[in-house]
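Below you'll find the structure I mean.
Each chain gets a letter, A, B, C and D, in the order it is written, and its residues are counted from 1.
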Amino acid sequence: MSEPSRLYQAILEGNAKDALAITQQALAEGANALELVNGHMIPAMDEVGRRFENEDYFVPELLLSARAMKAALDLIRPQLASSGAQPAGRVVIGTVKGDLHDIGKNLVASMLEGGGFEVHDLGADVPPEKFIEAVRTTGADIVALSALLTVTMPAMRTTIEALSQAGLRDRIKVMVGGAPVTDQYAREIGADGYSENASAAVALARRLMAARTAA
Amino acid sequence: MSEPSRLYQAILEGNAKDALAITQQALAEGANALELVNGHMIPAMDEVGRRFENEDYFVPELLLSARAMKAALDLIRPQLASSGAQPAGRVVIGTVKGDLHDIGKNLVASMLEGGGFEVHDLGADVPPEKFIEAVRTTGADIVALSALLTVTMPAMRTTIEALSQAGLRDRIKVMVGGAPVTDQYAREIGADGYSENASAAVALARRLMAARTAA
Amino acid sequence: MSTYTCELAVSNPDELVFGSAPKPVRCGFDMEIGAGTVFPEVNFTLPAMEISDATWGEVVGHYEEMARNVLKRAVSLQAPGIVLEFELLPPMTERPEWGAEITALLRRHLAAAYEKSGLKSALRVTPTDIRDQGKPPLLRTGEAWEKLKRSFELCIAAGADIVSIESVGGKEVHDLGLMYGDLRSIVFALGCLAPRDMAWLWDHISAMCAEAGGRTVPGGDTACGFANTAMQLAHQKMLPEVLAAVVRAMSAARSLVAFEHGAVGPSKDCAYEGPILKAITGCPISMEGKSAACAHFSPLGNIAAAMCDLWSNESVQNVRLLSGNAPEAYAELLSYDCRLMNVAARNGQSKLLRDWLTESDEWLSPQAAILSAPAAWEIAEAIVNAGDGYQRCLAAGHAAAGILRRAVDEGRLRLPAKELLWLERIEAGLREMPSAETGLWDEMLEKHAGVFEPSSYGWPHFDLGH
Amino acid sequence: MSTYTCELAVSNPDELVFGSAPKPVRCGFDMEIGAGTVFPEVNFTLPAMEISDATWGEVVGHYEEMARNVLKRAVSLQAPGIVLEFELLPPMTERPEWGAEITALLRRHLAAAYEKSGLKSALRVTPTDIRDQGKPPLLRTGEAWEKLKRSFELCIAAGADIVSIESVGGKEVHDLGLMYGDLRSIVFALGCLAPRDMAWLWDHISAMCAEAGGRTVPGGDTACGFANTAMQLAHQKMLPEVLAAVVRAMSAARSLVAFEHGAVGPSKDCAYEGPILKAITGCPISMEGKSAACAHFSPLGNIAAAMCDLWSNESVQNVRLLSGNAPEAYAELLSYDCRLMNVAARNGQSKLLRDWLTESDEWLSPQAAILSAPAAWEIAEAIVNAGDGYQRCLAAGHAAAGILRRAVDEGRLRLPAKELLWLERIEAGLREMPSAETGLWDEMLEKHAGVFEPSSYGWPHFDLGH
């Protein structure tokens, strides 16, 4: 099966055009959609994550790979849906109220998508109500909160409290991150996990999903 | 009444020998003990505190004055007691458990004595039980806690909690101080007041006594 | 009303030294900045806390405490003068009265210290550029701009001696450019969008200062949201250092526009492009480096001081350290840093110390390599010899890439393979850029449709020529 | 086994410069201290928290994090080497296994960084002198001493490269002396009590290092509890600065004893008396100044660096700053400070930079005035020309008072009236001291009965003569 190996390569190199063409051809030749995703696309993004973690890749390489992955994935999605395949998990992500920075959050969103998660990005400066609404409409498993300013960190706590008051806290896992956020702060405000960087965020999301299934 | 003016002067200059001699003579001449204290000695120490606050006096000047005051006061104490006069308040003071530093605490103790308070100094590295016992045996109005190390600050909280558990918290006011302590920390651990330095401690103790009487 | 600067204010790199600028600035309480003495600029901010009506009393208490402690330290260390920077937090610009209240509070403290102890000082106030809220951001109309404008007006009225901003025009495109390592978008943002917003914005800021009577000095802008974002991403190994270096150089072409529209300095501390601006404009600059390690790490710790007129800690929260509160500790640190520079100057040896500060960092990072006096001067010259904002940006990029290439070829700068690869990509990317910005607009309008709002930059009614 | 040092290791003040000591020290992972390069010494400690069995896991986590971040920064900034100081907190000396566990943890991190990145390093471990618990303190017997001894043994076994202590012998009397401005008690504490405890204690520490195989270096002691207490009280306007200055000079006679009983340097960072010790012993010294403003303020910010071989931040808690955790931020700051000194040295200009660092502070505070190279050298010479510990202490006091008096008379040092009054008091007090310590013992035994325990100092069985 040489085509999907080329798919792996195209994603690794961040070549969206190739990735798209290869996927198209593979589907035309009757390849199994789920096997394309799990056998080649996600492993490619795992390798991308590894290279990024090792500091062999910078963000641009990583994002170009994520973009190639997404292009191929969009093509496959109808087949996946009809086969009843599930994403690795559903994530609602956003930068909390008052905070307009979103580079870090965008990175995490891309990496999660690359890791097979269905990501709903609410953008920056997101009030608690919008998180609540998104959890309800998307059936999210995970809410990922980002803050880049110390003055907006308290809004993380407020958002988590609002999720509790809306009766959603038990249905979801909350992960937090951003420059001023610490592991200790995450625990203090009752988050389920903290991630120091974008690629660790994927591993964390997977752990949270596993914990969710186990519970 | 020139003798007590000389007493004021002797205390201001930290001359214990003179202060003692003048007091002795004044008592022999039938001076009123309470008037000596309130009219001359405490005003002298107030002036010392003012000079210290203004940075005209250093600590040695202040302590020599306090020592002179104490010498004279010891002489007068029997008369005071028999006349039923009360000290400005009773203070139990100590450096909390684990903390061996006591320069700051000694200063505060001296200043409080100079300000007319009856001071019971428990020393350094004082466990909560000893504070409790001292409050019971002395009938203290105020407990003053000092900490010089950040690692011993939590012992302040423990001590205040122990006072509560012993049922003594309502009977006393707690004041705290020491290099790493902040006003905010004082409020967090439930102290009644925080003082940044030795001479502010006297003013604080007086405020706490007033609040106690008002309550 | 723009005229492009066409020549440098200094005739050779050796005229670029700390403490002295061709055009010193007088402001505040008897301060003269750039006239031979380097002063500390102490920046401070709140610890992690919410800003609301409920916490406002506490907020005010923090600023009272910070001002008191910092000024006490400056007096105690006999600082020859000090600048305080109050960088508004977003809620304080959202509610302009709040920012003005803190401005007035700080000004009161400075006045008291001047009166009581003769401490010379000035207050820099920096409203937050909150115009990036919308997607796409609206820069010239709408509530955010109205509030920002009001914030400047009220802070000027409340006693700001210097006003600055970290303006965000073009950042919406630049962020994407950085993340995808897309040089065309980066150049478009820095060379086409940002200068247009800067020109428009700084015309307004200068006018507000003038209308209020002229005692408030329009300080300058910083490419913080552009070049410092790149520096931080490079620090976190997310972007190549060579890209951050080239972005820094190009950002000078952008930050220069403030000076062409009324700013007179001191430029803002986090504008590491300062030396290039100083070479072009002759205005005094504020810089930050090692003593801003409280706010961010950088490969520019010493070299950043080489040509500074104010020396800053960028930002420190009012947290407790063992000695006292952090702002006071940083006031002490900066004061001693400045003392050393001023001693060298007093001994006629500014240039020698400048060269040591430079040698300390120059070849350990591409970002430092483009900030030595000769490098800054070379980039400055490339800028003034180019045409419009776009061409100046490109010229700065070429100059920086050229400096790096020479240093690599001559073995002074050693780079890992993945950085070298990116240097090549950047060189190629610069070569492939169209010679005039007209060749870029259509591509960018399509590529970033919905990301930026063309009318925020005057499109399509502005003059694309020189 | 004591022999008094009778001549200086350097023949004139100009040989006293940063980075170079006549007797460099090799230790740790390929470090050579005092051989031409100044290295950062990063000191870090816990945030405000309880240390107990319940929190021990968290404690360990803090040290892991601090070591990781500090070393990451040193590697990233290409530091030529680094010293970490682990100053045990009292509970970690009370339970010696705890101190040893952290020592081993830090040593592991240093080993890994050396292996992975070639980072040269050494680990200094400083047990807490917990012998001051009793009233009066028992120094040579009892549980506190047993635990302290055990703490040294275990930390040496766990991998300490350098051991130090801030010993407290004599402090019980010195504290009272300071508070009452009582020079006789101060001299007795620094000249009679402390040297006897130091001699006894350092014989033990040196023997422990030797017995463990000699790879752990006995570093040195500091008069922190004496002269830094005075400096802090002077900073808070509680004591005159001139008294703090004279106490500092006299404290050198005390700290010297460690070197006469086995210590070889680097001396401890908070020993501001370091330059005097370096002049006498030729051993490398660690110093702290402006970049220790996180731990305490001082009038010695730059001058403290003038002759240092290690440059330290004294102590910073693992609290979060905007950039990252504070220990990492201070590792960056110190690295840049050191880079500048090393650049000057590389250019053969150590002395020039040293003189600038000195000129920066010298005449702004009496405490700085006695720490210039010429002043330190003059005090050092007075010490080695005197007889026993008492006479050396007095000689240092006279020398310091003389330096201040000359500076006042010649108009270089301007002092307020209340400081001048105290300078006169000190001069008179020094003149009135008995010529030999035998004239002081009875008076002090009576005056401080119950405050100090004579047998802790060998009384009455020690030799009072030279």
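Here is the rule we use: a residue touches a chain if its C-beta (ideal position, glycine included) is under 8 Å from a C-beta of that chain, and two chains touch if they have at least 3 such contacts.
Only a predicted model underlies this, so the values are computations on that prediction, with no experimental measurement involved.
Averaged C-alpha coordinates give centres for subunit A and subunit D that are 53 Å from one another.
With centres defined as mean CA coordinates, subunit D is found 34 Å away from subunit B.
Note: centroid distance subunit C to subunit D, computed from Cα atoms, is 41 Å.
Between subunit A and subunit B, the centres computed from C-alpha atoms are 62 Å apart. Looking at subunit D, one finds that residues 317, 320, 322 touch two or more other chains.
Within subunit B, residues 150, 180 each touch two or more of the remaining chains. Viewed as a network of touching protein chains, the structure does not reduce to a path, ring, star or complete graph.
A complete list of chain pairs in contact reads A-C, A-D, B-C, B-D, C-D. Partner subunit C is touched in their complex by these residues of subunit A: 55-56, 58-61, 63-64, 98, 100, 103, 106-107, 123, 125, 149-151, 153-155, 180, 197. Per the touch definition, subunit D reaches subunit C in the complex via residues 73, 76-78, 289-291, 293-297, 299, 301-302, 315-317, 319-324, 326, 328-330, 332-333, 335-337, 339-340, 343-344, 346-347, 349, 352-353, 356-357, 359-361, 364.
Every residue of subunit D that touches subunit A in the complex is listed here, in rising order: 320, 322. Taken in their complex, subunit C has these residues touching subunit A: 45-51, 89-91, 130, 132-133, 135, 175, 178-182, 229, 233, 236-240, 317, 418, 422.
Residues 150, 179-180, 182 of subunit B touch subunit C in their complex.
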